[in-house]
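Got a structure here, written out as structure tokens. Questions coming.
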Amino acid sequence: MRYLPLTDADRRDMLAAIGAASIDELFADVPKAARRDGLVDLPKAMGELEVERRLSAMAAKNVAAGSVPFFVGGGAYRHHVPAAVDHLIQRGEFLTSYTPYQPEVSQGTLQYLFEFQTQVALLTGMEVANASLYDGATACAEAVAMANRVTRRNKAVLSGGLHPHYRSVCETYARFAGNQLDAQDPAPGGGEDLAGRIDSDTACVVVQNPDFYGEIRDFTALARICHDKGALLVVVVTEVLSLGAITPPGEMGADIVAAEGQSIGNALNFGGPYVGLFATRDKFVRQMPGRLAGQTVDAEGRRGWVLTLSTREQHIRREKATSNICTNSGLCALAFTIHLSLLAEEGLTRLARLNHAAAVAAADRLAAVPGVKLVNRSFFNEFAVRLPRPAAPVVEKLAERGVLAGIPVSRFYPERTDLADLLLVAATETVTEDDIERFAAALTEVLR
Amino acid sequence: MATLRFTKDHEWVRQEGDTATVGITDYAQEQMGDVVYVELPEVGRRVEQGKEAAVVESAKAASEVYAPVSGEIVAVNDVLGGDPAQVNADAMGGGWFMKIRLADPKQLDGLMDQAAYDAFVAEQH
Amino acid sequence: MNDWSQALSHHPAAGGEAVATITGNRGLQIEEPLIFEQDSPGKCGVDLPEPPAFRSRLGGLERKGPVGLPGLSEPQIVRHYTRLSQKNYAIDSGLYPLGSCTMKHNPRLNEKMARLPGFADVHPLQPQSTVQGAIELIDTLAHWLKTLTGMPAVALSPAAGAHGELCGVMTIRAALTARGDPRSRILVPESAHGTNPATASACGYSVGSIPANKSGRVDLAALKAKLGPDVAALMLTNPNTCGLFENEILDIAEAVHQAGAFFYCDGANFNAIVGRVRPADLGIDALHINLHKTFSTPHGGGGPGSGPVVLAAELAPYAPLPWIVHGTDGFKLVEHAAGQADDAIGRLKGFHGQMGMFVRALTYMMSHGSDGLRQVAEDAVLNANYLRVRLADVLSLSFPGICMHEVLFDDRFLKDTGISTLDFAKALIDEGFHPMTMYFPLVVHGALLIEPTETESKASLDQFVAAVRGLVERVRAGDAVAFQAAPQFTPRRRLDETNAARKPILRWRPEPEQRQAAE
């Protein structure tokens, strides 16, 4: 077996050194009733060729996004990742290293985490960021938990424009922690009175920008109201690339930003692994979950980095930790850091403009299809259109015609018949004019 | 004269009239190593004898500090915010944590005096 | 003297000052600034077309100022991150004997399969008819996990072990609540990993601690004394964090179940028993598996991981969404709590789970097969016991007798030497090894927990043994100063963690701001 270096001769020698007659003796503590003499009922070992054959067969049954006109978003976005990113993250010293608990031999990891934390703070307009969480949805739930700790209250008001998966994760976490949620129903294209729902028990208000339907808003006034009432404003960002084009949450008065970083550096990967971004104000840093890389000096006075403020974390604080998180999203954070470094200020701004331009073109072209209406007043690279019929069957028919046309909102809210004719459409820099034309043509045909 | 008493969790408490000053002992700061942060209670909070009142942190550990007596927090040592190293430098004096208005001064009688505490510490080794 | 011996005579003695270079670089070790300190304004590492003219629809909320990112070209960035990588130790470089982390070789076939466009370039919310192969892969992985553990159900969405613990404890709480008996406490051994009590707390439980007995295992009598109608679950790790198999586990399971509680098992140490023991046969009700441990998905400097949770029949109805069901027309993702998924506890994560790690883990499983996986456990246990017997006479073995895949020592061998476990570990770094886990578990003083894994050759283990034995000789020779000065040959010497915590600098800021923040 190619991954097992021990030979039978080695095993014999080692058993002799140990003084055991057989390997079974080393398993003597296993109760007899639980010992299995035979193999489990699974296929036996396979060489690379055979494994490749089987997995390639499974992969071939999927329609890859790059092979068709592709307009699917809903919290995960298809962007072009420069070739250098994947090469660099596959360097063994990055790929196969561990959490940097021994900083003297982990300066590579610690330095890139420090760069990552800086990039996240800059993008979001906040003061400090952590070294990543699992994804945007769990980052959102952690933000609510943190707001509870900071304010010593335990109710969160959730906007109806929050991604439904994020809302669902918040609901699960809150239910088991014994906290309250006041989640508003989705009202795409309409308004909601979040300020009116803040009371003396409210720890935070959670909004998303752009929201789930793509609408962009200014939350500066809401931030002020929250602060007047002793609550925090949490802003969620599911398309981090939008921060290259629109006012960041930090400049609107956000206290915590919980975001999904997948768009930068990470492929769609059928939903994971992604990378949760988490940023806040300096004054709240000791209540922030997750790992933190901090700058210091070594015994020779040279600048270096270490994991710091570790007493917030589970390995020290145990049941009193800010979160139970241990493993985070390190390699995805590295991919983010490298991609964003390659983009730089110029590239990020231009890439964001390309995304918006693609979405504007798509929105205009689709709105020209008979019966189709654009819902949004504003959007970045994703918007909602209202079809003259339920959107789910339309999306299936378009898929049969080789167009991945977006996500029917009913997939998230099956019980809301009033949302059934809404379609979420994303258009990134990977979308061409030809893609848009094929989408529009197919849609026209299907709706006829 | 101020009465100085000690707990088994290595807190000291010095009574001055109807209030008492509380800190951690020199032995405790030595065991802790370099103190990096102290989480102090809010002024006005009521604390109960034996229950957690503060947390003292080094880079690698966090220890609860329990109230040696019950009462109301009337002051906390603001110096520790900017200079937690005071706890190491002067645990019994300038590194004090909080002042408590005593709910029941008799509670001090149940605590160790200097001699008893010194003997207790000697046993720890 | 010739040039070669002249060079040798200038070699610094151990403990002496290294020769200073002009650049501060040391051969292949380059002093590399932050990217923010290498800004060429206007430069970037991508070439993007100028978008055609369009009317902005950003609602008047265009970004007003720059983000503040530095400008660099591709060659500079590749060089920057390459130099950073050269400062890292990794499994690819050498033995990484961290206890309970299972730092085994990360096969590159895993990486190739994960990057197949049919897995990497598919969106979780494409129409399900266009991703049947992806759902099939997840279902296949589920089958392997259920078969290896003997459990009837598995929740696949948790993103890491701690997330899996949260999932498991939530299903337990849901099941008890459905019984009308929510209970309030979770029992956790003293030797437990910190995520266990942190998880219990996050689910609204108070935590009770169970001491270890003299043989390093859960004290059964103490456990029975603490079991009662208020206990929801016991969270156990097996083999435990002392590297020992809980030999009374069947009695433990019975006691827990008789008290009406559930038995959660932390599967971090599954590598010791995979293919040889099925957790279902041990009476376990829920077990999370770290795919980034037992099943070789790469640690990536701290993540990402994946922590699927296998569940007993009583807990299965509460598994989080999404579920995978087999229909007449293929695989289906059930994304809402309706019908058969009515009691699902909801979502723990966006989308479906860590698909990239599923592909890697299944690639690994299929490569090894049932015979290979059984061999993995055997070689892992063999390697650890080999280290045990080769080091027990120089280090202080905490618990006599056989160990499983990891072996625990403590710092009695350092008594009165002025050298701590930390100092010993730092000296090991100079010898070219990443240290073992230090100061965990908490049940012994100055713990050193060593897990070699099955992917170390005998020669590699012998090198490690030689280094450790040599260091112990130096300990006995009273060389405390040298130990306290270690490491000396690493990109950085020991770092000031106290100041990092007292005056945290957690991001780069332009020059005058940075100095202000440090004051």
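To keep things simple, chains are lettered A, B and C as they appear, and every chain counts its residues starting from 1.
Quick note on the criterion: a residue touches a chain if its C-beta (ideal position, glycine included) is under 8 Å from a C-beta of that chain, and two chains touch if they have at least 3 such contacts.
None of these values were measured; they are calculated from a predicted model.
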Query = Which one chain sits nearest the middle, judging by mean Cα positions?
reply = C
Task = Go ahead and name the chain pair joined by the largest number of contacting C-beta pairs.
result = A-C
Subunit A and subunit C, separation of their C-alpha mean positions in angstrom = 20
Inquiry  = So the centre of each chain is just the mean of its C-alpha atoms; given that, what is the distance between subunit B and subunit C in Å?
reply    = 37
Ask   = Rounded to the nearest whole Å, what is the centre-to-centre distance of subunit A and subunit B, using the mean of the C-alpha atoms as each centre?
value = 44
Remark   = Touching at least 2 other chains, the residues of subunit C are 497, 500-501
Note = Expected list for subunit B, residues touching two or more other chains, is 36-37, 57-60
Touching two or more other chains - residues of subunit A = 308, 310-311, 316-317, 320
Key: subunit C - residues contacting subunit B, complex   = 439, 497-498, 500-502
Key: Residue numbers on subunit B that touch subunit A, as the complex places them   = 36-37, 57-62
Request  = Going by the contact rule at the top, pick out the subunit A residues touching subunit B in the complex.
outcome  = 286, 308, 310-311, 316-317, 320
